[in-house]
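The following blocks contain the structures, represented as structure tokens.
First chain A sits with chain B, and in the next complex the same chain sits with chain C.
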Partner chain A sequence: MSFSWQSVYRFLTRAVVGGLLLFSCAGCGSRAEQRADLVIINGAEPESLDPAIVTGQPDIRVAGALFEGLVRNDPHTGAPVPGLAERWEISDDGRLYTFYLRTNAQWSTGEPIMARDVVYSWRRVLSPETASDYAGQLFYIKNAEEFNRGEIKDPSRVGIKAIGPRTVRVELTGPVPFFLDLCTLPTLAVVPEWTIERYGDRWLMARPLPVSGPYELVSWRINDRIRLRKNRRYWDVAHTQNDRVDVLPVGSANTALNLYETGAADIVWDKELAPSELLDVLLKRPDFHTFDYLGTYFIRINVTRKPFDDPRVRRALAMAIDKTRIVEKITRAGEKIATHLTPPGIPHYDPPNGLGYDPETARRLLAEAGYPGGKGFPTFQYMFNAAAGGAAKTHEKIAVELQQMWRQELGIHMELRQAEWKVFLAAQSALDYDLCRSSWVGDYNDPNTFLDLFMSWSGNNRTGWKDPDYDRLLREANSRADPAARATLLQAAEALLVRDAVPVLPLFFYRGISYYDSTKIQGIYPNILDQHPINAVRKVR
Partner chain B sequence: MYFLKRLFFLLPLLLLISFLAFVLVRVAPGGPFDKERKPASPEIERNLKAKYHLDESFGKQYERFLAGLIRGDFGPSLKYRSHSVTDIMTQGLPISMTLGLLAFGFAMGTGIPLGLITAVRRGGWIDLGGSFLAILAVCVPGFVVGPLLIMLFAIHWRLFPVGLWGTPAHAVLPVIALGLFFAGKVARLMREGMLGVMNAEFVTAARARGLSEGAVIIKHAFRLAVLPVVSYAGPMLADLLTGSFVVENIFQIPGLGVFLVNSSLNRDYPMVVGLVLLYAVLLLGLNLVVDMAYRWLDPRVKYD
Partner chain C sequence: MINAPPALTPRQRAWRRFKRNRAAVISGLFLALVVLVVLVGPAICPYSPNALSEAQFQPPNLRHWFGTDVHGRDLLVRVLMGARLSLLVGATGAGVSLVIGVIWGAVAGYLGGRWDSAMMRAVDVLYSLPSVVFVIVLITTLEQLFKNWLSRLVSIESDSTVRLLFLFVGLGAVSWLTMARIVRGQVLSLRTRGFVEASRALGANEVRILWRHILPNMYGIIIVYLVLTVPAVILSESFLSYLGLGIQPPQASLGSLIADGAGQINPIRIYWWLIVMPGGILVAMLLALNFLGDGLRDALDPLAES
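Here is the complex of A and B:
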């Protein structure tokens, strides 16, 4: 039997040539681009880069490089420092802010940035048609909430006005001590009116795209890369360090590590992108950096369900958790254990200590509530979400650990329920759970960003717990201009939350992980806001 | 005539499919705007729903969708609010298609010869080794092959990039990772087809006419033996073209595969419906092509 190798060979060459032809065609579609001066792996693909829409950390990092507001973050501390406004005045009662814009502030297309641009941008966030998730960050401005609700139609009644070509006056509903911090959020950044009015929802695709921040948007290919180029008309262009920056969206920790290790990326700055299986090895390396930031991992309790309507039961649960074991055995990045909700390190505020690990008292409380030794305590569920990458495993491990601790210390039985993210959120909002995993990352450097979650009316409460005293304490605190008096009221509110009523069980404070070779990359400073302006990052050659 | 009729039925079928996708994705619990960070007031959520017409009645929403469809507009993505579904598909589809066609070429180019050789050399060590390789390729999943290839060829020997997309070198490892399974499958189908045909009467007749063994195999036996591969090629191509969640994820390739999974997890209604329709068009279209190829390859096949 002679087999014709020739025909097979012919067939194969055809296949290969065909493949190559196809490929060269593919090449013209996505031409190979040169490596940028700085390549940053930034976490998930941004949902948007429109300052009025962004809410996630990866989105905010890029949107903040494109659009600046009156105030920006200091790269060292994250504290508010002058941005497009060179200075401001605050009235004695803390309700009136007057911002003076820089005379050299201009759009990347050359037009000056004026007070009316600021007014337009802020009104746009509040306008119901924009449907901005973070419109609430502007609700501290007089009539802003009413305008967003549609109760007030006339935008000129909102407390933001251009009182001169380069002067903006903002009238607040009360003395909001963290208003300057809010001004650093991209939500309050300045955006180009004429481009938005012309192109509508797809204005970011317009070219040239006028930007107010240190970088221009060269290209944005979804799930591929965002390319930024230095804005030469930015008022502080002298301090912009890199000409071209590529921002890569990478969802998988292993891929991120591979890209970094082979030199395809300079910086990986998303906590989820450190492979958790390798954490013990990686954290010993000098190019892996950990830092504290404003994030808390906690458990929500549905207080509308028996037996969790009894605060004694909730306190017993809190005191039977050995949190040290969780951070040492499971999370392992040096997290601090949490007994209160507000992370440490916020200026002018010392959070009150909540309930510590005390199984003895926990058993006594449970007995007082009518369940001595866990007898008669119904089986309940702990809901946690399926998440991408390593986080899912962490949630599950913590759930198993809790299950074991509560069985051992209190003699009660808990079932685990893992739910897909959207199902999880829907169940949480509908109070269709017993206990559930939760976390929160602060938007600005003030206890309010954590404590206002549990106001009775808040959509982020999701525990069913309502306490007029808590609401009153928080409202009163936010009407005080004096930091010390305010702190006392906030402490009282937080103590109520984590010591007495306990609708939430704080477990630990997150620790951020980023990796970059600090002999080559400079200008990234640890701060609790986890804010690292891209224009301050420097690559040393 | 037959094919015209089939083309004619394609349209109502696609409509039905889009309707089902439209309904099912809305039945699933949770919605596109369910987020960990709830907006500061319920009005903000209401504004969001109003902006994307999710506050309208179901019938009205479907009407709006159909009107958009006629204009070739699937609407905005509800997850990636600055992009439209068409934007995302026009960016991702060419990449997924390139990757898929290359993997298709790889699977056919290695699978068919491997199947042929193992069938012709039946029982010998070539058959044994080749069949083993084919079974191995079928058994080892992409999420094992991908990282293995990266470890060896990208990290250890540094021959190819570990991920991303752009140059031909970026495609080599993902194409292998994606195509290997199908190559194994094609090889097995080809081998079985060939074994079945080799003893058929017309093959013996061809031999009796004094044709060389090579001509018998390529000109006569192959045409019939390749039929199972051809009928498998349709769904395989559709599978490959719409991208692979696993391989695109491992190699960080900006194709559509990732969206195929994530859009439904995100409850990105317009994106889900758009992708389902795209996939349906590809699948139905490719099946049609396969049936036509059948008729061309096997004169005994008749449709009416």
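Here is the complex of A and C:
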């Protein structure tokens, strides 16, 4: 037996079995099932769909389709327009808001939506038991912060009151200029009290699930799809365009592109779902749409761990990053590099410049902190979220770039740790990391949506950094009615954040890319908030 | 007087048979070459496997024989480093499986009776578990514990070292089952032979009988299965790295390089060298190891005398 066919056969069998193992998941999503009218690829699998819990952009898009608040986003501009409230009055000092609910506003199960539902929903977000990361969005309401901290036990002392069956009065701590924008957030959406009280944490599994928004939740299969169906009792049902919508969680840009190209999806609209290697070709196509919006890619530093408790170390890290290389070689969508946190383009605000690329100074700072040439600097970890399917690599590529830059310029050694999205968020909240990638997309068109992240109390702070001066500057700014005086205070706060304390390292400002065939899909309008209500999207046949 | 040809030792006869198997000989030479290149290559190559450069996504050319990747890193030197790691994991994993498998099988076969039944039923139970899934569970649940335990014994510089050790142990720990079965079968038949009886009658203790008389009679078959275990372990490691559970970046193994390349498969444009180069090397290595193993088995099997 000089050449054994048997061995070839055995080898091939092994290779085929191995290959099947490798690719066995390619067919997971393609169960024989009728295609929805509109299929949207939405980014990562939502952490939750509970409006009080969601913070991620993919989660918010879906939660926003299910639950509506008093105010909703205009699909064109993202500006606040009447939602469940048909109108409102604002007192002259800007501290008292009176909302009048629509008489035709009702739950998908038929019960009317009343003022007490609004009061319940907002108190629920503030209740310490809910542990909402976004509770801070309501702290502009009188006594809300104290109630959330547990200093006030009586919920009726919080400045939200039902003064009539369909009238809600809100008392604020100051003339907050962006309060109506806040009211568009899912956090402030109206949720069904009786379902939540009956089913507790598992209330989203209740069927039928009473919803206040344009869509009902039919099913939610993890890592497969979320199926939505038109809510026929929604007050504005006449303008809901599609009967059934599937929202697919896809983390990999190549998977998203493949699904789109083969017609399995109509719209891909998450910021990280266009394969960056192909952008030179793709951006020339008519179905690829780019736009500026309020989104920043940055790195969080856990300042409670050594040696990152030393601001000099953090500044050194910031100044040793060649951000231009990252946007030109890796992300490649024409992003602008960031030295400050607040993206350009917000009216009445000119963000202060932060730390630029200056390896020389970075080395000097590191030496001053006691680590000349990186000597004695401990090995640390950089955490980033791995995309589903293990194929989306932008975060990993940026991580590899940072790893090499810091090793070359500063002589320090960093390890990479990739974590699944939910694990990633949990580790971030628990401050179980050294450095981690992060991004923030503005919830409303005001610098405060970025700057209040790093207030001491904020559930989205997640760096361990606390500075009373910073808190004071922001509080003072938000109590000023004069835009110019307010901007000066906000600039001072941001300068403190990005020049001196540096608990975060901004890398670049996102450039939005969504892809869909605009001859077939209408109703998606570019706006600076990247807000595209699903009920406004129309499929032309 | 009959002019008899000089009698050949069994070893010489095996070597003759092996030399006649062309596929095995070529595979052996190829593997020797690969090992040499993988050990020496990265030192000669002018590029460092992790250094960034401006030359992004260059197709194979005279300066970069295998092209470059997204960070402008030379693919040739990364494939060499990857193959080095894959071979290391394969060899060590096979080594671990050798130690566990031989001891387990020999003890079970030699003691026989209830011991044999219990030990071989344990093997059967482990056989019924999907091994790669088993390693995945092992890595995700026990790695932290292992790390803590290890850091108490020695100071570890990096997590990737821990992961590498874990891969060695984990993959070895699931690959010894076949080896144990084969060794046990051999021991069962050998322990009743005359020379074993004789040494037992002379008062040799059990360990000595196993070590001096039984084991040397099984070298051939053990080597064969050792060589066949190496590609199986390499494939498992590549699979784990493909899933992101194996080697951590910026280190590369063939599996993680292929995963990077596979991420580039799309209908618009494919950077083919990113998947063809590491994939080709992996396939060639696995093929060669399998041929070599089969050739060795045919050569060392005394009944295969034609």
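Convention: the second predicted complex is superposed on the first by the 322 of 541 C-alpha atoms of A that agree within 3 Å, B and C clash if a C-alpha of one lies under 4 Å from a C-alpha of the other, contacts with A are read in each partner's own complex, and residues count from 1 in each chain.
To be clear about the criterion, contacts are C-beta pairs under 8 Å (C-beta built on N, C-alpha and C of every residue); 3 or more make two chains touch, one makes a residue touch a chain.
Bear in mind the structure is a predicted one, so any value in this text is a computation, not a measurement.
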**OP:** Give one of first, second, both or neither to describe whether A:Tyr199 is in contact with chain B, with chain C, with both, or with none.
**Re:** neither
Original post:
With both structures placed on chain A, which of the two partners, chain B or chain C, ends up touching more residues of chain A?
Top reply: B
**OP:** Name the contact category of A:Glu401: first (chain B only), second (chain C only), both, or neither.
**Re:** second
Subject >> Touching partner for A:Asn148 - first (chain B), second (chain C), both, neither >> reply: first
**OP:** Check whether A:Gln381 is in contact with chain B, with chain C, with both or with neither, and answer first, second, both or neither.
**Re:** second
**OP:** Quick one: classify A:Val423 as touching chain B (first), chain C (second), both or neither.
**Re:** first
Original post:
Is A:Ser252 contacted by the first partner chain B, the second partner chain C, both or neither?
Top reply: both
Original post:
Regarding the shared-chain residue A:Glu261, is it in contact with chain B (first), chain C (second), both, or neither?
Top reply: both
**OP:** Check chain A for residues that touch chain B in one structure and chain C in the other, and list them.
**Re:** 1-4, 6-7, 11, 15, 18, 22, 252, 254, 258, 261-262
**OP:** Spell out the residues on chain B that touch chain A in their complex, using ranges where they run on.
**Re:** 28-31, 34-45, 47-48, 50-52, 76, 79-84, 87-88, 91-92, 94-95, 98, 101-102, 105-106, 108-109, 112-113, 116-117, 120-121, 147, 150, 154-155, 158, 161-168, 171, 212-215, 217-218, 249-252, 254-255, 258, 265-267
Original post:
Touching chain A in the complex: which residues of chain C?
Top reply: 20-23, 50-52, 56-57, 70-72, 132, 157-160, 232, 235, 239, 242-244, 248-250, 259-260, 262-269, 271, 283, 286-287, 290-291, 293-294, 298, 304
Subject >> chain C partner contacts - residues on chain A that touch it in the complex >> reply: 1-4, 6-7, 10-11, 14-15, 18, 21-22, 252, 254, 257-258, 261-262, 275, 277-278, 281-282, 325, 329-330, 379, 381, 386, 390-393, 396-397, 399-401, 403-405, 413, 415-418
Subject >> Interface residues, chain A side, partner chain B - complex >> reply: 1-4, 6-8, 11-12, 15-16, 18-19, 22-23, 25-27, 29-33, 45, 47-50, 53, 55, 128-137, 139, 145, 148-150, 201-202, 204-205, 221-224, 248, 250-252, 254-255, 258-259, 261-262, 264, 420-427, 429, 439, 458-460, 462
